[in-house]
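Read from first to last, the chains carry the letters A, B and C; within each, the first residue is number 1.
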Amino acid sequence: MAQAGKATAAKANSEEYLRMYTQMVRIRAFEDQANQLYLSAKMPGLTHMYSGQEAVAVGICEALTVEDKITSTHRGHGHCVAKGAAFKEMFCELLGKEEGYCRGKGGSMHIADQSNGNLGANAIVGGSMGIATGAALSAKQLGTGAVAVCFFGDGATAQGLMYEVMNMAALWKLPVIYACENNGYSEYTKTAEIAAGSLTARAEAFGIEAHTVDGQDVLAVNALTQDLVARARKGEGPFFMELMTYRYHGHHVGDINRTYYRSKEEETLWTSERDPITRLGDWLTQEGLVAAADLEAIRAEVAEDAEAAVAYALAAPYPDGSEVDMHVYAATDPATLQPGA
Amino acid sequence: MAKPHEVIMPALGMAQETGILVRWLVEPGAAVTKGSPLIEVETDKAVQEVEAQADGFLSDLRAGAGDEVPVGEVIGLIVAAAGDVTEGSGAAEAEAEPATATNAAAPNTQEETSVSTKSDTNIKSAHNDAIHPLDPSGRILASPKLRRMADDAGLDLALLVAHGHPQPYHAADLDLLRQLTQAAAEDLAADLAAGPATGPAAGATSGPALGHISARVPAAPCDGFLARMREDAGLDLAPMALWASFAASALRAATAPESPLVVTAAVLGPEGFAPTTALSNPDLARLSVQPEAPEGATPSLILRDLTASALTGLRPASGLAAPALTLARDRNGGRNGGSDGDSLLVALDYAADQLDEDAALAVITGLAARLADPLTYLV
Amino acid sequence: MREITLSKAVNEAIAEEMRRDPCVFVIGEDVAEAGTPFKVLSGLVEEFGTDRIIDTPISEPGFMGLAVGSAMTGMRPIVDLMFGDFLFLVMDQLCNQAAKTHYMSGGKLSVPLVLRTNLGATRRSAAQHSQSLHALVAHIPGLKVAMPSSAYEAKGLMKTAIRDNNPVVIFEDKLMYQDKAGVPEEEYLIPFGVANIKREGTDITLIGTSSMVQVAEKAALILEAEGISAEVIDPRTIVPLDEATLLASVRKTSRAIVIDEGHQSYGITGEIASRLNEKAFYHLDAPVCRMGAMDVPVPFSPALEDLTVPTPEGVAALARRLVAGEMLHG
């Protein structure tokens, strides 16, 4: 992971590393709580756990500013937390409560956090690729220097839309980074059985520079992202990243009996030997940057925060029935619809 | 780990409300590691192994093999130390969890309720269709606009039907309807102004003045109805059954009597009036089964059927025991010498102390409407 | 008042709005130098440049998706969909993404975009280039649907569409691009949800959309010669729909025919007729009738194609029967 020459630089970046550690722990804690909420029948609908993929969301989002935009997927809690969302509003949204980020109208699969640049999770596989690319188009047209990151899974590479937008992004050199979270499975099928050829070659076919990185190594992910983001801001985009990662849980929360498509041995390998949080934690203590007790303290505090947020959300009120037909249409200031306005 | 970890019956599907605990995979009191299989659960989809979510010792079992448990309910605990292990009741207990589980289940119940309400509505409307079937030959076809306008003006569309005006009716027919209503009122006034019959009958009459109202309706509707009853339903109804039913119905609508209506019915045949029968509430009984009134019952209405003869009218010579209705047939010699163009002549004779003018008019008008449109009034 | 073509009217509207607001841009196939195959956008790229009049590859889902993302992040795109028939290609991005974003985000994200496309048959373009599919999008909550019936409406409605903060689909009748109408020099906008009574009458209300307004007007002339007075109304926007004007008219005339170029079944005519039935029932002296395009894919042969759309003679014939009180169905 880190080379000797980077040791000094590492020490200087301790705060950043701790932040990354905390964010990953936060995602893990959030997902554990969300999983429990679902299993104990307290959370309506369906949800998809991000546990195991924390380094991808955190490594990437830590290289972005609040002005940069991301689009997310149905497995979107990790991206949401990583881009700066708070536990309370997230749990409220998952439970359909009024204080949720979307006033309870989006739920797990459509959670969006506009103030932090999260344009939303999407229940349509690949459905947000156009949106991310469009956000990059805006950034270019408005000259903001912002970039857009499109998160999607290996399964989404089967959607035609991906190729249409990568084509246009490449033609117009849009500041968008396509981040493919390759967790080895598209629902209940191995990636190799649904994606012919190479994923990165798909991007390269459009002349888009593509990189593959160990998605469980948050520092590697972060370093790569920082480099690509800087270049994208200068107009050298778009870029494609393939992040090799793993989801610990099933495709969705009810997918418990998975041995027919995924062996227990494989799962144990990833959870015990390739856990991104453990890896960063071990590295930090080995490098003498943080004491193990401090990491433990972070985990304990985050766990408490999560539990408190869940309790809050469970007790929080639902939106009033009168909101059901609100927000179908956005208001337009009538003054703007006059001649000469 | 001070607080024991609760083992819950997990929700494995979106609409799942309960799961069956097939069996515990670990003995009570035994050590448990996070991630190791703890229970087998059966849903309507399959039997699944569910892993323990914490390290510790299995304690306080509240559900046993084969129990069906609501999702979200606590079925056991994982305690930190072996010494904390306690016996459970072994059976599913009501705890804090079920309240939330019920909440979670509630939305489903609400959905079900609203679904069943919808199907109730469907049943109701289907039922209504059964009571009032859309019968092309029974119902008066008129536009919503005309119906409303007629309603507002207190006019009866039956007058258009009785007049033989072709359906469907529209707003443009309102003027005609007004004229017909006006004419009917004028006829009545003229009849009343003419006064009781003069001559010997008049001199011999004792008691209060007699009123007389007459009407003419096409015979075809009733002829057709009786013919269909014969041909399609195999019912050979005597016309008198129809007259008695309609007359009683019209009288009831006009006077709202408290006691049963008794109609004395007599048909004029070649030998004279056949024996009179007294019928009780003939409008409330089936046409084929006319209930006889008890001996000596006071008649509410005297009904005389002249249609089998050439007579067109008959006024009572002596005082009336009750209002008297006569029906006669005016043979018009229709197409092919048939009876298509025939009319029924209806006349009502009554004493002022038996019916007031309004009631008398209502009786004759009501009877005329029924004779002109039998199916509507029999349904 | 000067008269200009519908094509010129649309061009003017877009140009004016692009001058007014630098966030407005056009994206679609052959919109720049070519000005679209119908030449409606000719001249715009010369004034605004290729950064704001953007030619795309043939990627309808792709550039529709881009437009959605762009609209969500500060821009106001006008998506040019060459033929209304291609609506099917953009449905996910339009109906699952654009239409629902404001609602799903609890009102925090908006999608102020315009999807500009066309409808209309009788151009011998056959089944996949002749459809009138506005009913599909009218059915989706979150979208607005505008249907200009002349150059005047085209300009006024397009300007409102661009300024509206919602996804608006605007359908122009491709047969009308060269038709002229009076269009003021001074700036004007036509508000959504306000119908236009094009001709007053007392015996029957004829409600038409897009070019069917002209069909209704011609029918009204035929009927006038026979002593039947027809009122002709152009709703202008299907969503939102100016029900009040339509209902007031039907309460006055007590008869109505709804004429639209979408298919007769399960379309616009059914929706409008249904509302009139529900809300003006006690004023109806005749059943509210629908006249849509025949429920067949549009045939190529001229001998067949022209049979599939409502005509002034057809409308007049039906109106005649309704006014006479004829019972159309037993």
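Following the convention adopted for this analysis, a contact is a pair of C-beta atoms (placed from the backbone, for glycine too) under 8 Å apart; a residue touches a chain by one contact, two chains touch by 3 or more.
Note that the structure is a prediction, hence the values are computed from the model and not measured.
Chains that touch both subunit A and subunit C are the following: B.
When the C-beta contacts at B-C and at A-B are tallied, the pair with the greater total is A-B. Centroid analysis (C-alpha atoms only) places A farthest from subunit B.
Rounded to whole angstrom units, the spacing between the C-alpha centres of subunit A and subunit C is 41.
Rounded to a whole number, the gap between the C-alpha centres of subunit B and subunit C is 46 angstrom.
Computed centre separation for the pair subunit A/subunit B is 62 angstrom, with centres defined by C-alpha atoms.
Along subunit B, no residue makes contact with two or more other chains.
Listing the residues of subunit B that touch subunit C in their complex gives 136, 141, 143-146, 148, 168, 170-172. Against subunit A, in their complex, subunit C makes its touches with residues 23, 25, 51-52, 54, 56-57, 59, 61-75, 92-93, 96-97, 101-112, 141-142, 144, 160, 163-166, 186-189, 191. For subunit A in complex with subunit B, the touching residues are 36, 38-42, 44-46, 254, 256-257, 314.
Looking at the complex, you find that subunit B touches subunit A at residues 8, 10-14, 16, 46, 48-50, 53, 71-72, 97, 100-101, 104-105, 107. Across the complex, subunit C meets subunit B through its residues 254, 281-286, 325, 327, 330.
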